[in-house]
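Quick one: structure below, then a few questions.
Lettered A, B, C and D in written order, each chain numbered from 1.
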């Protein structure tokens, strides 16, 4: 990151003046933390006692045999407290908030995972908490809303725009500019104004640091390829960062192909004619926008990937060809999820299933002496309403119908 | 355990003759495993790469301050793969099954956690899998059924008797006596015929072994008290075992008080006039039974505690006063759950919340220099249907009604 | 007279004996009474009366349901014992109790033996009580001269059969196959080998049960076993055609 | 004539100037036309025309909705520019564009400046473009003589205000409070201290916006600020009473 918050041509901090001081303070505190080894120690300690770090690296023997190519290893961020990598970032920012003495946190959430993680952190650190969530996502992810509320957070459904993640971000910014003095905005991914992209990636880098040690221990050498799904880009940056300088490790980001790249109904921001450079939500990156610069509607079966922008760091790595980008359609993703459940007894989140789908396409071409790592950013059991729906499971439907009737009749 | 499988007056193996050989082989294999340090190594390795062991011990600072008594530590079995301690037992038995060369596993399940864990293990080990689940529990725990099926297991709703855990166990035994040659019955708790109580406790003892190390590391000395909920008794045995010889550590098992000990609607097997010694489901223990020896109906808000029997090892420890038994009512449990979510951002399973409720009652009387450990046997987000229902959450109800209508109209 | 002797005497007269099974209190004690009358009148040699238990883990769907319905109708152990005494008094064939161990354990083992002996019951079949768990049970069986009927299974090794035979009295109950009561069994080569092994392991009479349903089945058993056991079949028959169908059915079996 | 000079001249004649705000294409360009006519006829001194953007993160509910409805009705940037040119041509007061940076960035920064300059637009207000991010923007503003209007916030330190003032031209837009457009502001002691700090930091004219809604509000600003900005209030007015209500409202403000 340069002094203005750019990564090559991307990034920056396009923020309203009212936030200027707050960003100065945030940047200063963040710089202090980065220079203070005790901070990282405190972070590691928190993550290993409150969450489950280091998370395991699982050798997926059955899948490896099934494809007959490289050895497949799965980095198990699903085993984090609250069920996804989002906890890494949130807990880190929680420590920052404590240092800055703020009393309230706000956050946007798409899949609900980041909202869950933030509500959790707020409960643990005794902070007030408000979560903004697109109305459509509130519907898709009702269970998460229930838990956030139970943990004491206020969840506000956002009814503007496409009623998904980007609108929740706008609304969170509106809150922040209003309550800037006592409030910290816990940005949920490696996007937004600097220093968020770098800071979030820093907290998430724990994933790759662990994975590097683990793959050497189990496999004896660096992996050939690493796959991660890319929504905002935080889990991808988290696992990629440590490997950026490893020449022989190819890094692959998998975006949400939705109904297909030609359908106009997807969330592919890189390698896609529907996307172009833009500035929104406080930063410059590749956005899905029209020729006027208006943001487009996006679609993915995975709420957490259903977003118009992408980490400026990833746009930079894309431009510099340090990371390859692919996409997987909703259908491919459901198939990859199904296979992973049946073969390994592991339920990746729909978001993470994109990384699996991307990897499954290619792994057969590698040698059994090679290894690949798939970053399982979260667990899928949170997605029961979406997954059971997508599989059109009849007994699930009957169960819901019956429950609904029971509630209606009272 | 004596040669006949007894712990004091309790236990044994009251099995049909057709299973005799199988139990001989099981016992032999189990003995071999216990004597083979490589087996435990393999087990630890599996649990640390596929699940998330060692699971953390979390210092619950907010709860500790709230009660103003001992330091509360929470052993985080909820962070296991599949979300509960059940994985420990199941993965261990999976390794045994591999050694015995059987191709099929069956299991009973109440809360669905043991079924989930078994279906998971079967997927991972490439085994055929059938899960027996009381029809009432199928209704209470539909999401678990969905996932078990997705992982390739066949889930059979049991419509006999009280349609809960004990009936699922009977039905699993009926399957086993029929398919004894190629099938292993993965018993889910520290009950059933010998060697199950001891074997399950052995696999679960990993909890207490870790907890002992962790509490010394964080707190500098042994805890004053340890709390665990008691359904069949496996998570309790798991954390207690290591501490049985520590004279200054008091061990407390918390049973399901349901609507109260005088209501006839509970699952209190120890210290309760409704219970007496009996022999059923293959072992001798304290059962909730009538004067004729017929098993009574039980009730708990937590499906996993809703069981007529209890580990014979715990009956023995109860009789010898090495473990104290308490109970918590459904209401107390919901309150403890609520408080834990709000104060710590942690969602214990309804089962585990019994241990919290038991601890909360007493912790204020201890000194802040003391520590207690609560075994959080599982995570509560699986229980969304039960918990949201129990809290009578209006937006949850609306959500379900709307979904139900949507499904009905198609 | 002891159970074994009683049966041996009968066996000397017939090429195969018949044992039948009822679940007490199902569909009612009145029906039980009628069914037993018809059984005895049609030449049944021995009757096992199952005292219902809430957890009949070794029973299949038919008997399981009968257990549950009987209990749901309010059947008590005391009712069963009173009825058992009445039958033993009334008819000249041996009556046995079949039940799960908890019923006896909870009643008080010695009290239960004393009562059964006084009431003229000749033996107990307890499918969930292997001899290893039945030390006091076996001692009391001796003391009260009530035969402990032990069970052989196709999975039992010859060595194990010898061991079981050492504890058993009255006769040996050979389960025709793996599994629970009620399903049809196959009587092929494996079955014959199994019965041969049973025969070699003990000099006690051999009863064969589990899935015996017809005259043909019983025909096959002749010369191989001493007694055929009809279980679920009569319960289903009473369910579908009423108690009066039992007599003709039994009469047609041999 | 440059924006600053134009406004200073007017300021010499009035004790406070009035700037109003409209969202282009909302509820329609026809309505915009009528509203602007009434504004100009009733003495408004400067008008900021907001080019709608899909992500108006600094705007409150009223303007947010106006942005979204305008876009939903099909408003294009080109339509806005054509309309802006028409207004600047027709009326003798200065017109500004208010929008978010992406609109300019995506159009092509230099093309956008050239076009606006040609069309007679006097300045730009871009709430998400702090000077640190606007190097090329500020250079082009100089080149094309379109004033970059910078924003002071109550959270800005005096040092920061000086820095901003160094980049700003035309006037300084002082946000009356934290938060987004549309809500009422308090004009207490803190507000006065804030305006004093603004005054000390720059010799540019000071406009005050955010929550100015009435004659009373404007009365309070007299002597403290040079220009009052009416934003959401007129949009709400048009929504509820139609464009014809704007004239009387403006007329009653001073």
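Here, contacts are C-beta pairs under 8 Å (C-beta built on N, C-alpha and C of every residue); 3 or more make two chains touch, one makes a residue touch a chain.
None of these values were measured; they are calculated from a predicted model.
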Given chain B and chain D, the chains that contact each of them: A
Rounded Å distance, chain A centre to chain C centre (Cα mean): 65
Rounded Å distance between chain A and chain B, as computed from the means of their C-alpha atoms: 33
Whole-Å gap separating chain A and chain D, where each centre is the average of the chain's CA atoms: 37
Chain B: positions in contact with at least two other chains: none
Overall pattern in which the protein chains touch one another (line/ring/star/complete/other): line
Contacting chain pairs - touch in the sense defined above: A-B, A-D, B-C
Residues of chain B that touch chain C when the two form their complex: 4, 12-22, 160-161, 166, 169-170, 173-174, 177-181, 276-282, 284, 287, 289, 291-295
Contact set on chain D toward chain A in their complex: 53-60, 64-65, 68, 71, 76-77, 100-103, 105-107, 127-130, 132-133, 150-157, 160, 164, 175, 178-180
Residues on chain B engaged by chain A in the complex (per definition of touch): 48-52, 55-59, 62, 76, 79-81, 83, 119-124, 126, 139, 142-143, 145-147, 149-152, 218, 338, 341-347, 381-382, 384-385, 387-388, 391, 393, 395-397, 399-405, 407-408
